[in-house]
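Here come two complexes built around chain A, the first alongside chain B, the second alongside chain C.
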Partner chain A sequence: MAVSGLLERYHARHSAIHRAAPRAKLIAALAYIFAITFTREGDWTALALLALPVVAVVVASRLPLLLVLRRALLTLPFLLVALPLLFTRPGETIAELPVLGWTVSDEGAVAVVTILAKSWLSVIVAVVLMATTEAPALLRSLRALRLPRLLVASIEFAYRYLFVVTDEATRMLQARSSRSAAIDGRRSGGSVRWRARVAGNLVGTLFVRSIERSERVHAAMLARGYDGEPRQLAAPALDRAALVVAVLMVLYGCAVQVGVRL
Partner chain B sequence: MSDNGARPTGDAAPALRLRGLHYDYPDGSTGLRGVDLDIERGELVAVLGPNGAGKSTLMRLLNGLIRGDGAIDVFGERLTDETVRSIRSRVGLLFSNPDDQLFSPTVIDDVAYGPLHQGLDADEVLARSRAALAEVGMAAYEDRTPHRLSLGEKKRVAIATVLSMRPDILVLDEPTSALAPAARHELIELLRALPQTQIIATHDMAMARDLASRVVVLSDGRVVGDGPTEVVLGDRELLREHDLEPALHGQAGAQRDSA
Partner chain C sequence: MAAVDPVAAITAAEAPALHIPDGFVSAPVAAVGWVLAAAAIALAARRADRNLDERAAPLMGVMAAFIFAGQMVNFPVAGGTSGHLVGGALAAILLGPWAAIIVMTAVVALQALLFQDGGLAALGVNTLNMAVISALVGWGVYRGLQLLRGVHSVVPAVAAFAAAWLSVEAAAVATTLQLAASATSPLAVALPAMVGVHALIGVGEGLITLGALGLVRAARPDLLARHAQAEV
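Our next item is the complex of A and B:
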């Protein structure tokens, strides 16, 4: 069992969300994330209204709730970024850190919770998008949306070779494990320093092999006519359903953001 | 696939004519030291040689990926900086490791890569790509991602990525390496059915005997043997001298010395 299996984000299920046109999902997700960024701090009504479609989509996707929540832990890094606001925002003091004496302001707390809610909802949307759409279809949608070709090509290479490189790393780790043996009555494993050097060498070897592979891939591209300009198969035209879903999502986002400001 | 074969051309220039081909690696060591070779249209030539003999170097030179001294003429046309891109349309190169050759997210994207760069119309690109996939028996795999294919399937798709460019000459580097017997057999039958002129670098002596009409032995950057398959593979002296003992000979099932 290769580690590469764990990298696969697609989670097969029979659901309307899985069947929906990839481009519709991509546009709707982007529209949603865009809409939620306009939420004002402490605007709980807007957040609740924007949480509704997320709940609906997660339920409709039939994805295991635990899987979605676990992957949504990706929000945690945002917490680190937002945390300083707790102490730097001026406002009424609601708590104080015991040793450092830093004070937490009410304004700061509201700001942090808002940021967390926004990023958590956005990440869940992205998680559902990735889990219900196969990567090649998603890449094709990126192409169709006229993202810069070089950018899409880079993502495609990353997607293709992530698996190859992790398989290679797995093989190297297995080769190490298979020779990390013990003899009865002797201390096995060597010194920490030596083991660290072996691990370092593994990483270095992986790096060198990846560089060499990139040269061979480049040669394979040249052999088939690559001239520095990435060319890709055209994606099929945008179907009406996709357009409707996307427009509805944009309208809903606008309605919420405008509505709460009236 | 009627127009996928050798193009009828007026003059009788050989498919490939190599004269005084010399190549030094970037590190200064010598890869090829003077290779002269003529390969006629429709020939199926196996290039044998020990590791480091210069087989892969020769394969890459033929496609213009690396440039050495000497002359390479493809159907009478000299390989130069000006002609290299059009010659790459006529000389298709199959790399030994399909993971290097298949670099796109899906099979069809990869097979379409060559035709797209040839500047063909979208419809033509798709038509050629699908035809090439059908030719290698992988038509049902269009939307699969390469990393989920078996090695044999990857090799077939890799061949399709070259066929979709409609080349006249196929240059294949170790096509059967690491294949299980059944997949290897299927691949050999596939190559046999293809109409193009083929140059196959290989360690697979059994395949050379099965498939090739002519065998060239490369050793230490020189051509040391060249002739009809039976003649060259029958020359035990030559093969032994260049570490190419005939396959499956004598040693099979030999008793192990017990100490």
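Our next item is the complex of A and C:
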């Protein structure tokens, strides 16, 4: 289930990357990923140059290399939307599918490999960010992006109640399966419409329970003196070393993109 | 260049979700996505704040957790496929369009920031598709069809189903157009494929939305009335 996908167990490690200010990391990661998106098709020099600092950061973060590489494969299924490029891009034929007879063009192959490389490099940056930063600190650093306060507060609340509500949903799903006997390979349990209604009622119940929960949460907040202004401890100071490294990384990314075009 | 059967090519594997990872959208498309999403969110935050005052943050946070959890709920259709929920239309019908935009943005942002479901540079376009477009289309269709309410008693159910179905379809079309504009997916192949696949996904979305609204109408009709009036 989605919730088990968290990288929380890697937060407790110690490295310079773990210690760096979340704000610096978030903005650097975002800007660097943006720099990666500028890479032109087939520009292997740019990709190699952009990969260097990423490798350095992965090594410095002391995260298990296998974890980083494996997590980065999670986006692979999405490559499906780019695969038709192999066949639709005009260019020299480099291969032909047996039976179907579709032809793979060199231009198409270059495009798909470039997308794959850009996506993989970007996800590695994101994995390092998420595996070295505690979620509450990461979410709070969203304030540095000047997002509306209501949105950041909602995101923080959502994180706080994510596990409570998904646990509730999991219990309801479990209850549904324990009431639904099924024989393997045999259709069971009513029409598709009826099943959809059961699932819908489950979602509806979850909504009613959630909204009642939010009312209790709000009442509890009022009882503790909440006046609409979320108050928090001051964010940790932005350490200069992290900031310098972050700025250097982003500048390097921009320099590579400008350099390869000269 | 050979002809490609797009629907077969995509349904053969898992139907691609709408969360675009990084690397698939070009820099200009990603930037435009951020700008449009930011404008919509700023407007939505102002409107939602006005309608809900200091209740807003806890309500929307828990609602975002609800949508996140609601996306886990699925039901078997046939042959190993299952119907499940995205939730944009449901959120818009239950909470109004502005609150729904904030709630869905929180969901999409959490999925990107904590679970790598969708990229960071691509967060702008993902928010635009799954939070802004799906909520606005869902709300627009639902309210639009409500105007016909007096005509036939079946209309509320039809409105909810159509709102959910079209919200998924609209998000899928927007995703496809962005990928095509980024030159990462050929439009002629991807558009019919995405529209076709999401026409099926939309039926699951529509049926679950219908069931959920039916339960809320039976159990807490006041909740539906409250948010229908608070908006616009």
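Keep in mind that, in the parts below, the second predicted complex is superposed on the first by the 165 of 262 C-alpha atoms of A that agree within 3 Å, B and C clash if a C-alpha of one lies under 4 Å from a C-alpha of the other, contacts with A are read in each partner's own complex, and residues count from 1 in each chain.
One rule holds for everything that comes next: a contact is a pair of C-beta atoms (placed from the backbone, for glycine too) under 8 Å apart; a residue touches a chain by one contact, two chains touch by 3 or more.
Nothing here was measured: the structure is a model prediction, and the numbers come from that model.
K.L.:
For A:L262, decide between first (touching chain B), second (touching chain C), both and neither.
P.N.:
Neither chain B nor chain C is touched by A:L262.
K.L.:
By the touch definition at the top of the document, which applies to A:A223: first (chain B), second (chain C), both, or neither?
P.N.:
The first partner, chain B, only.
K.L.:
Output check: A:L65 vs chain B and chain C. Expected answer is one of first, second, both, neither. What do you get?
P.N.:
So A:L65 meets neither chain B nor chain C here.
K.L.:
Let me test your reading of the model: by the given contact rule, A:F157 touches which partner, first (chain B), second (chain C), both or neither?
P.N.:
Both partners, chain B and chain C.
K.L.:
Tell me which partner A:N201 touches in the superposition: chain B (first), chain C (second), both or neither.
P.N.:
Only chain C is touched by A:N201; chain B is not.
K.L.:
Could you say whether A:A135 touches chain B, chain C, both of them, or neither, answering first, second, both or neither?
P.N.:
both
K.L.:
In the three-chain superposition, say which chain, chain B or chain C, touches more residues of chain A.
P.N.:
C
K.L.:
Is A:A181 in contact with chain B, with chain C, with both, or with neither (first, second, both, neither)?
P.N.:
Neither partner.
K.L.:
Determine, under the contact definition given at the top, whether A:I115 touches first (chain B), second (chain C), both, or neither.
P.N.:
second
K.L.:
What is the contact status of A:R231 with respect to chain B (first) and chain C (second): first, second, both, or neither?
P.N.:
A:R231 contacts chain B only, not chain C.
K.L.:
Of all the chain A residues, which ones make contact with chain B and with chain C?
P.N.:
135, 139, 156-157, 159-161, 164, 213, 217, 221, 226-227
K.L.:
Can you list the residues on chain A that touch chain C in the complex?
P.N.:
1-2, 5-6, 29-30, 33-34, 36-38, 41, 71, 74-75, 77-78, 80-85, 87-90, 100-103, 105, 111, 115-123, 125-127, 130, 135, 138-139, 142, 147-151, 153-162, 164-166, 168-170, 172-173, 192-193, 195-208, 210-211, 213-214, 217-218, 221, 226-228, 230
K.L.:
Quick check: in the complex, which residue numbers of chain A touch chain B?
P.N.:
So the residues of chain A in touch with chain B come to 4, 135-136, 139, 156-157, 159-161, 163-164, 213, 216-217, 219-227, 231-234.
K.L.:
Considering the complex alone, what residue numbers of chain B touch chain A?
P.N.:
Checking each residue of chain B against chain A gives 60, 63, 65, 85, 88-89, 92-93, 95, 97, 99-106, 108-109, 112-114, 116-118, 122, 125-126, 143, 145-147, 161-162, 165.
K.L.:
Could you list, by residue number, the parts of chain C that touch chain A in their complex?
P.N.:
1-2, 4, 6, 9-10, 13-14, 16-17, 19-27, 30, 41-42, 45-46, 48-49, 53-66, 68-78, 83, 85, 90, 94, 102-103, 105-107, 109-111, 113-117, 119-121, 179, 183-186, 188-190, 194, 204, 207-216, 219-220, 223
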